[in-house]
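Below: one structure, written as structure tokens.
Chain naming follows the written order as A, B, C and D, and within any one chain the residues start at number 1.
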Amino acid sequence: MSILGIVFSYSERENLRELTRLRTIASLPMAGKYRIIDFLISNFVNDGIYDIAVIARDNYHSLMDHLGAGMEWDLIRKRGGLRVLTPYAKSESGRDGLYRGSVEALSNNMHSFRRSMGDLVIMAEASILYSIDFNHLAKTHLNSNADITAVYTKQLNGHPTVPMGVAVMHFNENNRLYDLNINKDDMSAQDVCWSIGVFVIKKSLLMSLVADAMAFGKYDFLEDIIKRLSNRLDIQGYEYKGHLLEVSSVAGYMKANMNFLNANFRNRAFHRPIYTKSKDSVPARYCKGCCVKNSIISDGCRIEGTVINSVISRNVFIGKDSIVKNSVIMQNTEIMQGVSLDNVILDKDVIVRENRQLSGHETYPVVVEKASII
Amino acid sequence: MICGQKKEMIAMLLAGGQGSRLGILTQDVAKPAVPFGGKYRIIDFPLSNCTNSGIDTIGVLTQYRPLELNAHIGSGQPWDLDRLYGGVFILPPYMGGKGGEWYSGTANAIYQNMNFIDLYNPQYVLILSGDHVYKMNYDLMLDFHKHKNADCTIAVIKVPWEEASRFGVMNADEDSRIFEFEEKPQEPKSNLASMGVYIFRWKKLKEYLIKDEEDENSDNDFGKNLIPQMLKACEKLYAYEFKGYWKDVGTIASLWEANMDILDPNVPIELDDPPWRIYSRSSNMPPQYIGENAVLSNSSIADGCNVEGKVENSILFPGVTVGKDAVVSNSILMPGVSVSEDALIEYAIVAENARICKSARVGEWKKPEIGKQHREITVIGGSVTIGERAVVPAGTTIDESIIEEVGE
Amino acid sequence: MSILGIVFSYSERENLRELTRLRTIASLPMAGKYRIIDFLISNFVNDGIYDIAVIARDNYHSLMDHLGAGMEWDLIRKRGGLRVLTPYAKSESGRDGLYRGSVEALSNNMHSFRRSMGDLVIMAEASILYSIDFNHLAKTHLNSNADITAVYTKQLNGHPTVPMGVAVMHFNENNRLYDLNINKDDMSAQDVCWSIGVFVIKKSLLMSLVADAMAFGKYDFLEDIIKRLSNRLDIQGYEYKGHLLEVSSVAGYMKANMNFLNANFRNRAFHRPIYTKSKDSVPARYCKGCCVKNSIISDGCRIEGTVINSVISRNVFIGKDSIVKNSVIMQNTEIMQGVSLDNVILDKDVIVRENRQLSGHETYPVVVEKASII
Amino acid sequence: MICGQKKEMIAMLLAGGQGSRLGILTQDVAKPAVPFGGKYRIIDFPLSNCTNSGIDTIGVLTQYRPLELNAHIGSGQPWDLDRLYGGVFILPPYMGGKGGEWYSGTANAIYQNMNFIDLYNPQYVLILSGDHVYKMNYDLMLDFHKHKNADCTIAVIKVPWEEASRFGVMNADEDSRIFEFEEKPQEPKSNLASMGVYIFRWKKLKEYLIKDEEDENSDNDFGKNLIPQMLKACEKLYAYEFKGYWKDVGTIASLWEANMDILDPNVPIELDDPPWRIYSRSSNMPPQYIGENAVLSNSSIADGCNVEGKVENSILFPGVTVGKDAVVSNSILMPGVSVSEDALIEYAIVAENARICKSARVGEWKKPEIGKQHREITVIGGSVTIGERAVVPAGTTIDESIIEEVGE
């Protein structure tokens, strides 16, 4: 049974403010040197799945720059490999080309899925980080004879509530899905099953469901296929119990990064290799007089100042007498002397001039847009 | 074989040496595969120089434990050397119709691979060796070679007069034409030392390789035989002076020094040089984590490291862990080394995957400190374990695990 | 001086009927196993130019399938390499995303050109086949100190007239362009200089010209930059005298293919390697009783019948007692027994059933659409 | 080195043989690099079988003229074997601490590369050889191996009884367990011949490799030494019967026959088999052109050919030209061969880039035809020129150019 991975590189429910103004959620930096999508694609590759289609919608240039031809993920393959699927500018509907929903996104790329040798599809979205055994999932799906297997979790990952906008799924005693609703409240109930966006389905069934839905003008996979057809289709649940990060708000993004400062979390997240684009940077350089505590530092950095409880991406310079605390600093950022940052997210290519001070709060970090000069 | 146009110049990299002066560091790997500078291997320097100089076809001549070197070079992709026509090729000795022959000398290694060179039908051949650390634009040297209409151009570097007798020294006239070559002269007439980097007109080189091979008394070595033969025949040999950082890393002391040079802002070997990047194979490790109690100073630390202790004037390769209260100073910790709590490492080179257990002391120095240059370097071999509270005195070389506590 | 090649994969002036309904002109099959763009990209690569951006507009799926990551052209490079640039579905102008002209196409992809290390740009379009020395062209441009070098030809390649829709360029005695007009008549004058779509320009100048034109709402490179600014810019001519094929009509397409049956033409076109996607097909198989005269046959074909004066693409089956004459047959086509074809273009995946007869005329070949069954 | 998960099974491909029975065809290339079947080389078959069976890590053991083989395999991309972790590696002999050693036998070649295998820590090792033409799913064989819980599984094929004495013959019980192995027995007890394809449990193989190496009397060969030793020790060896086309192409006659088999619709070696493609490196040549006066019948013709004459029952590799009025029949023309006007080639193998000039006659047969199987094959060496009107009688082997007209 050969598997095709389909990845949605965008999220319809995210609210990441300036962070996704110029990029899609999948290419958001994470844990220093990675982009969010690296975790998912590495998960596929580590499970031997080398046939991956990434659906792009808009703002995908940074994603394409990052993935390139797929070299670093070993995805330049004669059979399968990585394809980033961009929407046609001229859509048949004559609209501006933004998909009306996930069903239309799938429909517009059917030509590519059809050519894949995979006959089982694992759909996933890039906005949630996890590490799942896709082979076990696929085997479970095949053994259950279900039409669709939907992966859910009961984890809240320290959040008080189920994340806004995710699908809450209801299963009967046979583990069959009978209802689904989108979380719009601060639902805090324990034992709520919420979807991590992963579904397993035969390619042929997916193709016919998508074609049917399109014919009826139904464009949302969750609402119009999973929920609407739950009485006709046998949709089985599969619980994911591992570690998890949900990134759909700025505070969540900050928290996700901070999770990597925890050794246990790090060990679980990196127990298999996570691949990312190589930058050929030099190792990090710690100068005399620097002070670094409980932080992640990436290659190419040069640290002359102080870094505490922070996640620093590649090629960042932190000058003398500067203090960076509780912050996420993206690549190619230059922090000059005497700067003080606390609870700040600096996007890439930012320059912070001498003696500037910025400080936000854990629940509302200051976000500095890409290429700003402060 | 894909046909393509001829290449103007291809490079042949002599990576065959065992590098026995590096002792246990080259027990399992060829010298060019020895780790250097926090994430590189020595061979990354000539390979990256080639890429940055626009040379896309390189034969790597190797016969000594090539497994790591093979795995490191792979398809050549990290150096952008995975080419359809050309690229990087490992060239081991092989059997011909009459049985096999190991490479008997540097010139013989090239002689045995003349077929390979002819495949690309180059005008010029660049000969490199795999045991020097330097950043050099070979394209500028080729310009010089063409300008002089030379048969052979030898890159030279000024060395202190007192060290000149350790090198092959070129005596050249004011036009840079070489009239004499002395191998390790007692009384050097010049301080221009050969860097082991040659450009030859390929036709001329081929002619001399064949001649040299016919000479039964020859050691088939470039410096000892081929260059003197060419000088004797009045061929046009020129010296091209290179001004920059260049270091032979063929001994433990020079390997340690060259690594320390990276940490010294006054030494002109800047690795963070985007227009002249040194490429290497990525380790695919997570970013480094620096713990709550870490103390860092003047050090270079690579991906995958986990530092809880004190690190100063040191270079940590990927995947090194340094436990709480451990102290690493003036040392080089190669990939995968683990240093447990409270251990001490001073003036040492610790090879890949060695384990320094709790409270062990490596490179301990009993004599009064006289000065950095007199401190002897301690070497811990690959995958060696230094047991709890074991003491390894300064200047020793350990190639077997020490489990028991060792006194003096 | 490092060069960036920019390739327009579409043509605004082509009229190729069914042949470009589902593909862009660049991915049209040519000379059996190639696509038109192979000639141009191989030209770049053979001249040592490994930094190539292909601008796609619409119908680019077959182009992307063909080019993949650029493996076969040696264009998977760490520095430079091949990028296929697709338009954003959501354009800033809020329109449906089809570029309003070549200037907008360039403008929308500036982010990618900017990142290229090339500082000299060679622009080319895929609808004309030629073999030019790009290095000599670049050197000539640099030595002339011109702002732009425009490549023209006086060749008509056997056509009685200058192709419709191409730019006719007028140069003064100093070889400087002073006017340009689009050919709308059957202009048959000898010594007409017409553009083969190749321009050389510094990247920085191109970027500022494009930005200026966009600001004024001017979208056509030929009209709004070359022609309009010919008094301000020093635009020098460069004559191309080699072989040439212009493909903008169905008859022209047919003729272009037939040119490859001429040994002289073939030798010139293939004097340097032309790279294309590898299909791992077996060598062509000629059965007992087959008859093949003056034809190009590609690998993977199985010929049981008769083929005369034709160009046959890969994996074509021609059954017993069938006769294929003066035709272009694209890949994966199956021609059963007793079929007769004359002056026909069969698109890919076509099946022609037993004893069917189709015949067109040299000036108006019959075109059979992709995946038809006849 | 990139770390990754362990591999379940890796393959070791023995490609070291000179293949001296192929005479001048292997003068300049290793046997596995000999062209076969119109666009392939012999090694494409085991490599493609591996890819199609899901094996992505292959060591190719070679020591004889590896240049063409190296260039052919390159990064492994044509077989989808350019992997970040794993892929295809050329493993030449190398020098260790105590000097170098050539591969003394098939088992010794694996022995010298145990380090390589251990890098991937596989459960099973598949041993292949590089001189057979066949399409086989090794994954099914592995299933069998696991099912039998075997220490070693040997692929066997039924051969005609009268030929069995030319092979290594397995005598197995009804459960397929091998109780006896006879190398070229005079009176074979079975007609199950070893195909030279083995799956071993790696731990077990390693144990026997080390034992075998210690035995000074051993030839270090799988068939002669290692397998008999395992049988003697009552290890669990099973025979896995392969039903399909399999041919050793180790002689001129068998190489010619195997090529002709491709043209015979009754022989079950279909190369045009999309689910089980045989991959090879592309020649990057233009498509073939068939001229106005060409006459073709039952032939396979590759890219880059230019045919103006008559070609029947023949295989033309890439870049072959056949001039007007020339006749090529029952022959194999390797890449780049040119056949000028009016020349005749019958029952011949013409090696790469040979030139057959105007009106030359290669493989001319003077005796009355008795039947195809008695016709002897003529061989023309690589880059040899057969001059105008020269005659090469049937069954001769020509390895030097014949410029003058030659009578008999």
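In this section, a residue touches a chain if its C-beta (ideal position, glycine included) is under 8 Å from a C-beta of that chain, and two chains touch if they have at least 3 such contacts.
Quantities reported herein were computed from a predicted structural model and do not represent experimental measurements.
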| item | value |
| --- | --- |
| C-D or A-D - the one linked by more C-beta pairs in contact | C-D |
| Label of the chain whose CA centroid is most distant from the centroid of subunit C | B |
| Distance from the mean Cα position of subunit D to that of subunit A, given in whole angstrom | 48 |
| Inter-chain centre distance, subunit B versus subunit D - centres from mean C-alpha coordinates, in Å | 39 |
| Sequence positions of subunit B contacting 2 or more other chains | 2-3, 77-78, 82, 279, 282, 284 |
| Residues within subunit A bordering two or more other chains | 71-72, 76, 273, 275 |
| Residues of subunit C touching subunit A in the complex | 57-59, 61, 64-65, 68-71, 76, 81, 83, 86-91, 94-98, 111-112, 115 |
| Contacting residues of subunit C [partner subunit D, same complex] | 31-33, 71-72, 261, 263, 266, 269-270, 273-275, 278, 280-300, 302-303, 307 |
| In the complex with subunit B, residue positions of subunit D that touch it | 1-3, 18, 27, 62-68, 70-72, 74-76, 82, 87, 89-90, 92-97, 100, 102, 115-116, 119, 281-284 |
| Sites on subunit C touched by subunit B in the complex | 46, 72, 74, 76-79, 272-273, 275 |
| Residue numbers on subunit B that touch subunit C, as the complex places them | 2-5, 77-78, 80, 82-85, 279 |
